[in-house]
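Note that chain A is present in both complexes that follow, paired respectively with chain B and with chain C.
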Partner chain A sequence: MKIPFILNSEDIILDAEPDSKLLQLLRDNGIFSVKDGCKKGSCGSCTVLMDGKPVPSCIIPSAAVRHSNIETLDHFMKTQDYADIDTGFRQAGINLCGYCNAGKIFAAWSIISTDPRPAKDSVLKVARYFPCRCTDTETLASGIIMAAAARRKRISGK
Partner chain B sequence: MSDEARTAKASPEKKAKSSADAKSTTARKVRQKAKAGKGKISIDSAASFYSDIRPADSTEELLYAYIITSPYDSGQLESVEIENLPADYFLLTADKIPNANSVKTLSSEIPLLADNHISYKGEPVAVLAGSDKKLVEQLAKSAVIIIKQETQNTDTEQSNVSLEMDAQEQKQEYAEESLKEANVKTDEKEPAEKTEENTLQNPDESDENIQPPEAQTGAINNTDSKSGNSSEGNGNPSEKKEGIIDDIKELITSLEDNLKNTVFNENIQKEPDEKDAVSSPGPIQESEPAQHKQENPIFTERKFSYGDYTNNLEKADFQIENTFYPRLHIRTVSEPEGAYVEYENGIVSIYTPTLWASHLRKNVSSIINIPEENIRIKRTIVPNSDSNSLWYNTILTCLATAISFLTQKTVLLVAPQEVTEYMEKPVSVSIHHKTGVQKDGRIVASILDVTVDAGAYCPFAEQITDSLAVTAAGAYTPDSLFVCVKIQKSNCFPAITGTRNIDKLTFFAVESQIQDIALKTGINPIDLRIINTEERQIPNYSSENYPIILDRNKLLALYEKILRMSDFNRKYASYSQNPFTAKTSFSTFPSRGMGLAVAFDGKGYYGSPMGFLKHTLEVTMEKDSSLTIKSPTPVASIIPVWKQYASDMLNISSEQVHFENDDDKNDTSELPETITGSVYIMTQLLKKCCQGIQKLRFRQPLPISVKKKLTKPKNQTWDQEKFCGTPYYSLSWGAAAAEVEIDPLLYKPKLRGIWISVNAGTILNKKQSEISIRKDISYVLRHIMDGMTLSPEKIYINFVESQDEPKQLGCIIYSILPAAITNAIAHATRNTVHTVPIPIDYIFRGIAGK
Partner chain C sequence: MASNKTTVYYAKSLNDVLFHLKTIPQLKIYGGCTASEKLSLSSLIISKINDFLLIDKHEHFIEFGAGVTLSQILNLGRKRIPTVLYDAAETVAYPFIRNAATIGGNICAEGIHHTLYAPLLALDAQIEIQSPTSSSFIPIIKFDKVPENSMISRIHIPSEEWDIALFRRTGPENVISDASASFVFLADTSKGILSDLRIAFSGLVSIRSKELENNLIGSKLPLSDKEIQFMLIEASNEFSKSASGIQGKDDVISLLEAQFLNLLSDSFSMLTL
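So, the complex of A and B:
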């Protein structure tokens, strides 16, 4: 079936099997920033932004993205918003392994885009979710808070 | 036909064609854009995942390979067949492998594909390769594998590649057997009452009646309605209903009893302490139906002893015996094992996250019979996971290479999920402790029996045995000791994960035993540990009785630190007044417990055939005073540390320090990266090299190259035969304390604090070291019990100041934290914990039983 949607700011129509998931659709079309991890939507390695919200693409049916706006990590990494997150993560000493990047970066984005001064408790709740071994909870939470600070600084121009 | 009509007729087709062209163009654009990024072949392999690699030329065909595994653990493989296999699809079986059908690892030889004999469940029997990934998977799952078995199991079985289906099938088998027993019992009890219900329940009648218990209940309900209809006037319907309800209850009870009685691992003999024994936790993932003899063949066995342990045990004031079954395995989500292989003009290019390039190269050369110089290995990102296997990656890569060689096409092989599940299975270990203790707390005899089920193959059996034997007694020095470690062979999937850092399991057992001794003797756990870590004079000392020498002088400082940080003594004494029992559970004071554990992390084991002392490091100071370190690029967190270390020693900028890793050269080390990439060993070598350069720097013109290797200190001797002496080149120590509170309503433990103290010599980067420890802590908590968390502010980490050389942190947290937490629970509940992960209802079962 043909699925028209916006992928990384471009209108496209892709062929997909009726029972396929968005993850497979993206990887079959050469987008590898989404990783095939748990296949259950729990590890975060396949996360994309769907209409501005992070979703696990491994459980999203391809048909569900019809006319949606999908943004993948490789495209997001070209934006200033990513630069804020990168700054914050570096300051916190975070070295992501590469497999879970999408989940952690988009989780950070979802927090700092809605709350310019996120409370540590709420950030910790999100940070605890990730099963990947490359970063511990507190460091990730610190990284997100620092990313929020970097974003505030950029937006305020100071 | 007029021109207009022709045009009108043509236009819908033209429209459709142009529309299709536009869409395919759009799709092509997406692919091209994506390939402009990391999809190309000429990428930095060290910064890429092999499963993301695709051919640069889109017209080049890529074959997706899928492994077909054996659904049975033994038998004779007759054939593997796939119906309607497309012409351009390739099925690799053992007879098609060009040369050797085995991977040689140290002294063992492991088959690539099962040839005749099936050794374990999940053993690869064939590999299917084709251009459509989804079709390949479908066809592979529909493969018919014909296996002849000696037992009465069915001769033919369809490929059953889903682990979930395996578990479901096992449940069905248990239900069927239990149902048969239940029917037998029912018939025996009431032979005269052969009702329609019982007849219909007989599973022998037809396959349709054999269903899981829930469905069976449904069947009973159906027959109830049937019998209700057919037996009108035969009796009171309500009485019949009651009778059927009684049957259902009896069936359910017998099913439960059968499931409980099913031993999850028949390979390991259990000698449970009846009061404290905890049945094997949780799901069937580790269980195999008992089809093996009690005495399994063994790969290796190690026994050593000193002193008169038998007499000492008999004369001891206390004799404390426990068996522990730790199943701790740190799971993570990461890229599955596999490889991307290209074969062109006699050159093989392999992209895979291998940790042992030389081993891979030799075996690939042997399997497809090409010179080693023609094999290029590009190491991709290695997942941060305990599932990394030094030798299983070679098996998968060799399979992909064989297909690429035979088809002359590029192959991508990713291990299917069921294979990954098998690989992630925790290793099965049983550790039996028998300890004789005097009233003053001295351990006068310690008898340890460690049994490991390593599955069908275990190339590193000797190393595992030695690691367990050295760590079995922990940090302690009993007056007499007997240790027996056995690595058993079975028809299970080879134990891949958890055999690295397997000593965390022995530390769990010995620390839990110490806690049990403290509980039963009434001696403070700290005092008990101090008494038993003194270097003591062994009566009739001679070189034959020479024990394992560890530098225990660091321990006192460690104990002191942990006591102060956690206020252990006061809390322990206070919490001892109010243990959590069925009677006290609702008292005004919450029941809390304090637990302690101590362990060491040794690196550079002298008894290993893969001697770390062979490894060399070369460092070159170039003409422009920049420094080139010729080694594989270390993990990202270590790079800045080493750069800073080298720049401090040579007084250059850290930006002038570079790593050079040329994968194309064949002079890669014979040793695996678990040794060559060891942070500790590399740091020592880097220091030596930098010192060498410093000496020559102002005497010789640049560039200067220095190559160094480690040498064994004169005061460290190790006798592998007698198993005595100083086993490690380097040793770091760690201690952990934990405080828990028991929820009186849910019977669940809640963490209140964790204190960690580590002695790892000079800490090069404190912040990074603390991050590393916190990472490990969060991982252990996630795996020790469902839902166990702790706020980061309640985790306290301390590094004991030391002028010693920098040492490894290693996996010290995995060795100390689980025992500290379970000891705290044991203190609170007066119930020793024998296994991790802790079952969710552990405390309730322990308390309810008293």
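So, the complex of A and C:
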């Protein structure tokens, strides 16, 4: 079936089996920032923004993205929002391994875009879902809080 | 020969959905599309329909459209919705899945009752079932599954405050298995008397019994050991009654019963003056 949607700010129509997952659809079309991980929606490596919200592309059927706005990590990394996260992560000494980047970066984005001063408790609640050898939960939480500070500084100078 | 190719339909409004339900046999409705490995042969995706996205908060109740996501519910904050519903939504799957998974999908999941069922059962929630020819609210306790050619459109949840409101989940974290279950205990006390009580348990076995609750309502606090023992025996009988139709899962049923009785016993210990 033909599926029209917006992919990384471009209107496109892709051909896919309705049952195939968005993860496969994206990878089949050359977007490899979306990693093929657990296929259960738990590891975060296949995360994309769907209408501005992070979702695991491995469980979303291709048919369900019709008329949606999908943004993948490689596109998000060109934005100023990503630059804030990158700043925070660097300050916290985070060096992501590549496999878990989408989960952790979009987790940071979902927190700092809704709460300019996130409390550590609420950050830890989300951060604990992204275990990976490259970054422990505490460090990830610190990175997200620092990213929020970088974003505040850019937007309001405070 | 019948085709086994999946056909996906889309709708733009509630009327559109009802039209599809009327004209397409064996149509299955999908909201967040997070639960199924495969879509049904005739699938209708309703994720972008405003009629199902409403959140209507009043003084004594809150209404959610069936397509409201669990993240949207959590974003309202713990103080603005019944706490047991909030606590339950927080334990469903993973945060990014909650951005897509909907309250309607959680309620009508097939097989085992999912996490939100027990809180809704305890809160006396009602669900609106719509078909091309009728529309009615039914108490969730009477809801088994979505009837043929029908859909859940709204969930009406009374939002009274409770002195004690406890939610617990058993089984593996973040995923649903036979051992998964939700437990809710709500109690109001007044002048040393237990003035109201709600107990709900759901999973493979679901329990909500007014008879069981009425045994204790009006009792003086703290409860005596004898009263607690009596209640645990009654609760065990209720559990056996509810589990009687389930075949071939004796081990998990015994486990669920033990967990239900433990949680109940712990909850009773919270009832003090």
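Everything below uses one rule, namely that the second predicted complex is superposed on the first by the 156 of 158 C-alpha atoms of A that agree within 3 Å, B and C clash if a C-alpha of one lies under 4 Å from a C-alpha of the other, contacts with A are read in each partner's own complex, and residues count from 1 in each chain.
As a working rule, a residue touches a chain if its C-beta (ideal position, glycine included) is under 8 Å from a C-beta of that chain, and two chains touch if they have at least 3 such contacts.
This one's a predicted model, so the numbers in the text were calculated from it and none came from an experiment.
In the superposed model, A:2 makes contact with chain B only, not with chain C.
In the superposition on chain A, contact of A:29 is made with chain B only, not with chain C. Contacts of A:12 after superposition on the shared chain: chain B is touched, whereas chain C is not. Legend: residue contacts after superposition of the two complexes on their common chain; A:134 is shown touching chain B, with no touch to chain C. Of the two partner chains placed by superposition, A:104 touches none, neither chain B nor chain C. Once the two complexes are laid over each other on the shared chain, residue contacts for A:151 go to neither chain B nor chain C. In the superposed model, A:74 makes contact with chain B only, not with chain C.
Set against each other, chain B and chain C touch different numbers of residues in chain A, with B touching more.
Overlap of the chain B and chain C interfaces on chain A comprises residues 17. Those residues of chain C that touch chain A in the shared complex are 6-8, 10, 30, 33-34, 38-39, 43, 45, 47-48, 71, 75, 93-97, 99-100, 174-175. On the chain B side of its complex with chain A, the touching residues are 23, 26-27, 29-35, 37-39, 47, 49, 51-52, 54, 134, 330-335, 381, 383-385, 417, 635-637, 767-768, 771, 774-779, 782, 789, 791-792.
The touching residues of chain A, when paired with chain C in their complex, are 1, 17-19, 40-42, 44, 47, 50, 53-56, 59-61, 63-64, 66-68, 103, 106-107, 110, 114, 126, 129.
If you check the complex, the residues on chain A that touch chain B are 2, 7, 12-15, 17, 29-32, 35-39, 43, 45, 74, 93, 95, 97-100, 124, 128, 131-139, 141.
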